[in-house]
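Look for subunit A in each of the two complexes below; its partner is subunit B in the first and subunit C in the second.
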Partner chain A sequence: MLGKRLVGVITVKNGWAVQSFGFGRYLPLGRAEILADNLDRWGADEVLVLCIDRGAAGPDLALLRRMAAKGLSTPLIYGGGIRSVEDAVAVVASGADRIAVDALLRDDPGVVPGIEAALGAQAVIAALPLGVDGDALVSFDYRTRTRAPLAEATLALLRAGSVSEVLAMDHVNDGGAAFDERIVELFPIPSVPLIVFGGLRDPDQIRRVLGRPSVRAAAIGNSLSYGENRIRQLKSKLGALPIRAPSYLRWIDQ
Partner chain B sequence: MTSYALGRAHGPAHACRRCLYRTDHPLGLTLDDEGICSGCRVHEEKDRLDWDARWAKLEALVKPYRSRDARTYDCIVPVSGANDSYFIVHVVKERLGLNPLLVTYNKYFNTPLGIRNLANLRIRFDCDILVQNVNPQSVRRITRTALREIGSMYWPCLAGQTVFPVQTAVRFGVPLIVWGAHQGLEQVGMFSHEHEVEMTRRYRYDHDLMAREPADLIGLFDTLAEEDVWQYRYPDDAELASVGVRGIYLGNYVRWDPKAQHEQMMRTHGYETAAFARTFDCYDHVDCYNYMNVHDLLKLYKHGYSKVTDHATREIRHGRLTREEGLALVRRHEQEAVEHLGLFCDWLGVEPNALGFVMDQHRDPRFWSEDEPGRWRFRGWSTMDQPQAAANPAPLRSDPDFTANSRLERDRAHGYIVVGRGYP
Partner chain C sequence: MTRKLVGIVDYGAGNIASVTRSMKRTGYRCFASRNPAELDKASVLVLPGVGAFPSAMQALHGCGLVGYLQESVQAGRSLVGICLGMQLLGDFSEEIAPTAGLGFVPGRVVRVRDARWHIGWNALETSGRASFLAESDGRSVYFNHSYVLETSAEYVVAVARLGEALAPFPVAVQRGNIFGLQFHPEKSQSAGLRILADVLAEAHHAG
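After this line comes the complex of A and B, so read on.
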């Protein structure tokens, strides 16, 4: 069994780390680079920074440089405002290890193979806000607040292997207390590794979803800010899953 | 680098339609589609939550921390001679029935009233107390550096009072720390009460310490050294985990209303209060000569608003002031002259004009313009166009007045009591 990961998510709006609820309500948290620094110290396996209001402003390279200045050792995924191959390359040059694309998949999916060519598919993640209507998986467009079946262009990119993983975001339960596991069951291409996100808070559910073969990682946002060393606490409750120990435990073991 | 550049949000700032905060609040603030801020929305929970049920959750939470043999403390409670200390100890000791160890960090700017309030606190509640006195020479050096680097003369106070309880928890093996309200929740709605947020090192670093850990203050071109700042270092994760340290906030479980709580403590436990020129609230910060003076002026320089805006916003949310009344109070108080500046200059060993020069470096150009050398024009929050006020769902209250029943000097001479031996 491949290793499983806990990903700490930092949602950024108007330059400020926020809690996000249902892709529509936000509470302020603080400086994104300090949240990243904290997750790094706690032993998160990966940090995902999602700048949700970049649009035409392009990626927040200044934020990435502030994060890079922290000297983080945790791999960093960045998403937000990536519109072109050049943007994607600039994001990686500014300190991100991988990128996540979302609006680009709708607006200009033809750019994605170019990004794959420049960075390699292992560095590209498709971020998909998803939900379930009846017994069908649907995609959520947060700009128009409408739901529709997954676009064929997106599915073609997944089948072609242009992205290495899908960030499956449960938009209904974003900021809530439970992830809708039907999203995993209904995902149309089982061979694509998933990072699941949205409502993951309960250790029992996190352990259960990480136990699914297609789920490579669990991404957690808001609730990591509710107390001290939440990554360590979660990892201690994940039982026998193949997961990295939190950082200071590794120091003690050595 | 001046502090206004840290964490500055992108884009133009907007004002809340209910309270007096704006989206360039240093703790961060969001507005919803109705123009109501995150702080006001979270405040609405105070009149919606079942506080009896939340109290029951608190009782269940603290139950495992009760000492079985009464040979150690049940918890640690950080206190001072002001703020919400009386009410916190009242809840912990008299309502929850816990045996707390009180801890206090000596900020050296103590008023006689604060020393008296602190002595009365430990006597009336019959508690043990630990006082941390950091070497004053180091505190002076840090204060000079923090003033110059981040425009804060209060960094050592904030760092000390947020870390000494945690260090004590580790040292004594008492895992539970009980704080009053969470500042980020109360002011800007950083969390819902139902998130039951707990103390974190990240919040302290990000907000209390203004993104400066102790080591960050040591620079190549400064005289500050490790031996000056080590007392302010947070215990590491392994130490915290070995004791199981956690810090909880009573405000998540008790409907938090500082004015009502202070007045209760004045009636029942002898808490004494004093008036300030720069705000209408006589209850907070009476233990310190500087918090409502030079520290408050720096806040106005850096952020375009001062403590009276925090006080007015809190009272608007509680329904004791309208937005218009609150704004009038802010405009009346925020430009009042700073008092006790001579005490601070003497303590720090600087001339007033030198201090003024350093402080001027931290005026944020968004809020201040220098029309001619030494003549500054204020363009802060209270001078800006105000939005159309929104309806306030808080029940209208008829008790807006604050009462000062003492004064900062009380019955002693004007001056810092750097080490208080108790009272009388």
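After this line comes the complex of A and C, so read on.
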């Protein structure tokens, strides 16, 4: 049966992989392609590369080509600077398997169905920085540092199936010690599969969150990159969850 | 024709770079091209694909490759379709708008039942009839699709299912020298590389 996934996240700023704290403070970690190569060898279920400062510069195709040159055999999701159908197609042609869009959902949501037509909705992920105000789910805009209810245009895309999954990013706890599970509980369309991200570190919480029906994947940042046994160790602590057995990349795994 | 040379059909709809690198890791010489004269040098053709069925068929027509592929297969050359490339082997697809496919494997491409998408790692249930999957029953491979090729059971060599109690659907087919893999072997780590090596070996034998 279809397994739940552990996604290794690489946050990139100014061309370097960084550790992010609330998407406001950053600690340099090294070259993103090296981290991706490690996650590939260590058996991550997917690798997510988030280039958080691309904006008008467009997607970092050079970085994607460097990653592709590594010969990664782990599915690669890319987010950052995607402004158009052409950008999205170029990202896939450069080595990504799926794309994540964030600013585009605010700036020009009408482009998303075009991306769906070109790549298929299964390749498109809505990256939503989220938080909770009182009892309400709110969306966070990194550029203006403001919070607001989820835009109706975004919700319409989700209902229409123009994107296949939502990357639910807990912007408050990014780089912190716990994911706010109310984000999952308050998400307005329960049928939309979620990839949860932000503050996921404790295996007990990861197991609990992945056990929720709408959560298909847990995206984890730096803690997976600190040692070659981290993914294997974490998977061994996830109990009876339907999850792919941990393995190292080997040519023939007999 | 040069033996053990794999030609990857580059029609602009797919992650050619990843497929090419994975092929090379299996030990085969390979190249990507949309030029029939170049592709004629290969003993096996690989048809990758990412995206929507209508766009992909439009791209194949735009590159003038539909007739070329049909002639190549009729001449006995092996063809391996990967992901969307497997769906393109069918007669037609219901995705977005009814669109004719290559017609190599009788059947139609329809929505996945029981869910909107089939995304992630799932186990293969093999039929036991395909030698290239002999070592892969129960192995997890990576899927990313929302449509499947429904075809006659005689061509289905592996299925998957979204849940234990849910109906299986075809994820690998073989009809003579034509092979289809709905999953991404090039993105399925060691399990996928093994299948890629085995299907190429079988395709070279069949072609």
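Here is the rule we go by: the second predicted complex is superposed on the first by the 242 of 254 C-alpha atoms of A that agree within 3 Å, B and C clash if a C-alpha of one lies under 4 Å from a C-alpha of the other, contacts with A are read in each partner's own complex, and residues count from 1 in each chain.
Criterion: contacts are C-beta pairs under 8 Å (C-beta built on N, C-alpha and C of every residue); 3 or more make two chains touch, one makes a residue touch a chain.
Please read these numbers as outputs of a predicted model, since none were measured by experiment.
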If we overlay the two complexes on their shared chain A, which of subunit B and subunit C does A:S20 touch? Say first, second, both or neither. neither
Based on the superposed arrangement, let me know which partner A:N173 touches: subunit B (first), subunit C (second), both, or neither? neither
Who touches more of subunit A, subunit B or subunit C? C
Please indicate which partner A:A68 is in contact with in the superposed arrangement: first for subunit B, second for subunit C, both, or neither. second
Does the superposition put A:S162 against subunit B (first), subunit C (second), both, or neither? neither
One more residue to check, A:T154. First (subunit B), second (subunit C), both or neither? neither
If you stack the two complexes on chain A, which partner ends up touching A:S139: first (subunit B), second (subunit C), both, or neither? neither
Going by the contact rule set out at the top, does A:D97 touch subunit B (first), subunit C (second), both, or neither? second
Intersection of the subunit A residues that touch subunit B with those that touch subunit C: 247, 251-252
What residues of subunit C sit close enough to touch subunit A in their complex? 12, 14-18, 21-22, 25, 50-52, 54-55, 84, 95-96, 116-123, 135, 140, 142-146, 160-164, 184, 186-194
Within the complex, which stretch of subunit B touches subunit A? 6-11, 23, 27-30, 32, 38, 42, 184, 188-192, 195-203, 205-207, 211, 236-238, 240-241, 245-247
Subunit A residues touching subunit C in their complex are 1-5, 40, 43, 45, 65, 68, 71-76, 92-98, 116-123, 161, 164-165, 191, 193, 216-217, 244-245, 247, 249-254
Subunit B-touching residues of subunit A, taken from the complex the two chains share: 13-19, 25-31, 34-35, 38, 41-42, 57, 222-223, 225-229, 232, 246-248, 251-252
